[in-house]
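These are the structures, in structure tokens.
The same chain A turns up in both complexes below, where it pairs with chain B and then with chain C.
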Partner chain A sequence: MKKQYAFLVDTELCIGCFTCAMACRNYYHQVEGVVWRQVYPLSEEIYPHRERAFLSLSCNHCENPECLNVCPVNAYTKREEDGVVVHHQEKCIGCGNCIRSCPYGAPKYNPEEKRAEKCSLCHERLDADLKPACVQACPTKALQLIDLATKQQTNQIQYPAGYPKMERLNPSTRFILPKMPKMVRR
Partner chain B sequence: MQSMEFPLVVFTVLSQAAIGLTMMRAVRTVSGTPDTDARKEWLMIAGLMALGLLGSLFHLGHPTGAPRALVHLGTAWLSREVLFAGLFMGVAAIAVLSAGVAAKSAPAWIGAALGLGLISSAGMTYAPPALPALNNALPAAFFLTSAVILGAGFGGWFASPERQPLMARIFTSALVVGLVLYLIAPCVWASGGTVMRMTGEAWFASGFYWAHIGILAACLAVIWKTKSIPVWLPFLALAGELIGRAGFFADTLHTAINMGGLY
Partner chain C sequence: MASKKQTLSRRRFLKGMTAAGAAAMLPCRLLVPGTAQAAAFNPDEFQVFRNACPRNCYDTCSIKSYVKDGVLQFVEGAPESTFTDGGLCVKGYSYTRRPYSPDRVKYPMVQDGRRTGKWRRVSWDEAMDMIAKKILELKKQDGSLLGLGMTKYSGNFGITNYGVEGLMSSLGYTTRFVGTPCWPAGIDAQNYDMGNMWCNDPEDMVKARYVIVWGANPAWCSVHTMKFIQEAKRRGAKVVVIDPVFTQTAAKGDVYWQPKTASDGALALGMARHILDKGLVNKDFVESHAHGFNEFADYLRKNVTVEWAAEQSGIPAQEIREVAEEFATADPATIWIGYGMQRHTNGGASVRSIDALVAMTGNIGKEGGGARYGHLQTWGFNYNAFIQKQPEGSVGFVGAAAKGEFDLTADQKTNYSDRTVNINKTAQAILDTKDPAIRMLWVSCKNPFGQDFDRPKLQKAFDTLEMVVTVDQFFNETVANSDIVLPVTTLFEEWTVNASYWHYWLSINEQAIKPLHEAKSNLEIGAALSKKMNELSPGSCTLPTEIDGKEWMAKEFNQGIHDLFGINDWTDLQKGPAKAKLASSASWHDMKFGTPSGKYEFRSDLCAEHGHKALPEFKEGRKSYDKFRLLTPHTKFGIHSQFVNLDWMKEYNKEPFVYMHPKAAAGKGITDLDMVRVFNKVGEQKARVKLTDNVAEDCLLIYEAWFGRGSDFNVQNLVDDESADMGAYKAGAPGVAIHDQFADIERA
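After this line comes the complex of A and B, so read on.
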């Protein structure tokens, strides 16, 4: 099997500090209001917690990317060598179809460029044997880069509650669930 | 509430009016005797489509790149939509140039077939997995209903007196179908997942939605009273479809708004 790079989000380790999201902004200097990586707090219906739990999400570099399928001008490609879904902004005509269509809200509209943009998994950094900026910055190692073609840990799951289940797209991000808090009888 | 996508409202509704008129023209050619001036009707069809296409350009960040939107016919329904819209426009333009007072049926049938292609590909474009309430045949059904309502409504302007009742019957049936569809869809969403349910609630809480329903019902009341389509009535129906379409874009919720919450 060819490489398929993916983000692994360990929600047990994630402390919701937003360092990953800030590292992405520091690296790419997106215009105001455009966010490629976002940290979503899990609602209490899902995780009845005293402490909180978070999903750190950007593009999932899906196996069958909806963004790529719906783009009328072929502005998206999926890299053969590692499965990274790259948006080529110079080709984009800013129709917003990918933005409407990606269930994970990954592509965003850049009002200055008048085109879409999204996380392309720091593919230039990958090519230089560096980690993506968000992964490198995570202080707790809650965010990691994995290759789905190699053996995965058995506790990794694909669709935690709070994350849209889109089997046809087959998003590559994997999660380790937070442990439920212990109930202490007073 | 998300964006009401004004250029897309103009494009979809005006192109559907043009397609509806073409379909009604095709229907009226079946029984032989030609209607009134064919060229005027084709002029209106071509004009509506041209206006719609022009409006759609305002939706693009880079309108000059619009012709490139044809390059991904393999999987992108938007590319197919652009192709059908272009072909329909071509047929309408040829029909304007070639149509005399005598009606030819071929352009109407070809136009109606291309129009159905445009409605189905637009239906697929606006039915992505990210909009769970619309990730089904509903967008195509809404678009087809708009086409028939507007086509029969404005078609009354061009139909001969003996075919007026036919246009009125089709107009009435399409209004009833539209009302039923728009009243039932949000109720069905209530029994779906979280984002679908939220969409149903957003539609029911929306002024666009109730104004649209109100106008459909008013059109129905007028035609019930007059038993024919008054000349001004299609304008009211057009206003209703424009308002309803603004709601379609503005009030349908995207999965990403509930990330971190239950689906």
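After this line comes the complex of A and C, so read on.
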């Protein structure tokens, strides 16, 4: 398998602190209302407590990216060397196909540019041997950069509850599930 | 231009801010998109500065700031610090927005009528003229400056910001609001038990085999410590979290206990009794290094049973026995005593009970162990900015005045002193103080309307003041209740130095960008006022009239600091933060305690002399005065009233909520996301409700925050100024029973 970078979200370590999300904004200064990385609390049906277990998600850098497939002007590329799905905003005509088609809601509409944009895995940082801004920021190392071409830990899963199962796209993000403490309550 | 744009990274640069000068004309819309074409990140394109978060947070992060064309582009954590390890928290990463926030106070402004919002811009000179004339008027009419009050706390803990106190001293003897809302009951408790508040290096928590986090929520309030707890857990330690709320930290523990609020003392004593019965007391510690253990043991045998503790706390006896035994047999074992659990009328007594539990198991003075609360070991600065001389002939207060938290003025022998009033009863103090009355108030590094208690009373009190001057970055509610607001610099615009009360790293704060708009540092504001005072009345202010922030920062260093941190001088810190050279990561490792007996004192006569029990006995909590207990702890998106108002933060945290148990809600006909009104004898607050069993049925929870423009949300509408049991001994005034509040709720 060729190199394919991916985010690993260890939800046992993740404390839902939103540091990753804000680190992204700190680095790219998205305009108001545009969020590339979001931290989603799991509902009580999935993890039996509100707002205490989270999925930190941005673009999944899919093996077969729907965004790329539907773009009429080839504004998307998937990098040969590491599988990063890059959106080239200067080519984008703002048709919104990618925004409508990505089942993970990763591409966002920038109302000022009138074009789409999304997480491109900080490839300009990767090229300088730095970690993505969100990964570097995560205080618990719950968010990591991994290469799917290398051997994975056995506890990693691809489709946890609450995360859309889109086998055709084969999204790259991997997850480790959270545990519940023993609870002694009144 | 187009071709140049192609080579820019995707990072959006802040347009039009190439250097100072242009700053005053900045448009509100600062951020413009670049292009998606990305060149590799090149650190050489940036000037990198060292900054430090000064926000009264455990973590006091060391920050690296990337500046280009005089504009702060982004921040990250300093990789040199093993504590922050290259990261910040969600608040820290929002800093890039803070200096450029369109909501900043940009110029000195005068409000024509408080709360009218009719602000007009004035020059620094005009503002200083108004203020100086008022000060001189007070002095003339009262014969002293005691009518000038100053309230300041932890909005900025950069050491040079003690120049605010310095400014007051340089004017004469004034009225000071002393004490601290945060942690005084626990400070006193640890001083009685051990002779100081001194905690282990948090990084050594990885060595613990058993960790109890008691009334702290590091997942939100000390994110960097969380990784050490998680590492301890990975190495096999058991993590128990005790909190009335199922917090994010609790969600990551092995065991979560939800006791009745304020029953912590009973729980700790119940555990202590069981350890005693099981013969698991550490004999060496209690015999060689402690004073009064036998009396404590007698007290336990006579007055405490595990069943009693279970009844008081709501935690089953079997559970108490199990955790007590595990704790006593794990080696080392530690308890992190949070600031939440001592914000009660019995808070100090509870902390003493928990200290005793750690001590009797021999975990004090041990690496990976410890009764961790806080420390001021690395705060040995000169406080040059703080310690200023009063003008010749100043008249002040005669009599006993309380010393503030840091007790910086030592034993100066003078005929006069400042007059001190309790910071935790700000409203009452303003209303009650006579001869002379407080007529003018100077507010800095603090947002009393966001943080002080009994907001309705505070407004009444402020309305009796003849002039209120507030130094701030944003138009918050305190500013709304002021006559004059002076714009103050953010951390990126000033020089200072920062230490932590939790970890052992020291960070320099460099001036990374020129102050925006017309902002001045607190020291520069002092200099400007001094200049005007001396113009109008020569000799009326001793503070220099010109101040070089960097020089004043340098003046805070001394040989003790150099030796402690292994640096030659402050410039070494420009290469990165430094950690104190510790003989051991354990506090009290040499078993030489600061108590009168030199030992750990289970029995403290000093404590008894201050009006408490000599032994860490159980103390009843405050009696309920309404249907639900109301908790108003910290949110993860802010520290007190800071950060939540930033537009960047609002992307992730749009509005305040009241959290309530579904069963309790059902009884009130309240459903999820209803608008509700929470009310009590103090006042009321409306917000949307979220139903969750993270809180107990008898609790309501609202996170404290200030949401900025267009929001009147304020939890201080619901919190009274009832005092905690302890705090007067070391902090100058007792703490506040912030979590001993009660309220009712209904659909709005």
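Some points to look at:
Everything below uses one rule, namely that the second predicted complex is superposed on the first by the 176 of 186 C-alpha atoms of A that agree within 3 Å, B and C clash if a C-alpha of one lies under 4 Å from a C-alpha of the other, contacts with A are read in each partner's own complex, and residues count from 1 in each chain.
Assume contacts are C-beta pairs under 8 Å (C-beta built on N, C-alpha and C of every residue); 3 or more make two chains touch, one makes a residue touch a chain.
This structure is a prediction, so every number in the text was calculated from the model and none was measured.
By the touch criterion defined above, A:G16 reaches chain C but does not reach chain B. Once the two complexes are laid over each other on the shared chain, residue contacts for A:P107 go to neither chain B nor chain C. Judged by the touch definition given at the top, the superposed model places A:R185 against chain C, while chain B stays out of reach. Of the two partner chains, neither chain B nor chain C is touched by A:P65.
Comparing chain B with chain C, more residues of chain A are touched by C. Judged by the touch definition given at the top, the superposed model places A:Q89 against chain C, while chain B stays out of reach. By the touch criterion defined above, A:P132 lies against neither chain B nor chain C after alignment on the C-alpha atoms of chain A.
Within the superposed three-chain model, A:R25 lies in touch with chain C and out of touch with chain B [touch as defined at top].
Of the two partner chains placed by the overlay, only chain C lies in contact with A:E51; chain B stays clear of it. 38, 91-92, 113 are the residues of chain A that lie in the contact sets of both chain B and chain C, per the superposition on chain A.
Those residues of chain B that touch chain A in the shared complex are 59-63, 65-66, 68-72, 75-79, 82, 125-126, 128-131, 254-257, 259-263. Listed in rising order, the residues of chain A touching chain B in the complex are 38, 40-43, 45-46, 54-55, 57, 66, 68-74, 91-97, 100-105, 109, 113-115, 161-166, 168-169.
Interface of chain A with chain C (complex): residues 12-13, 15-19, 21-23, 25-33, 35, 38-39, 49-53, 75, 86-92, 110, 112-113, 117, 120, 123-125, 127-128, 130, 133, 136-141, 178, 180-186.
Considering their complex, residues 6, 9-12, 14, 31-33, 35-43, 74-77, 85-96, 219-220, 223-224, 226-227, 230, 241, 246, 248-260, 314-316, 319, 636-637, 647-649, 651-652, 690, 692-694, 696 of chain C touch chain A.
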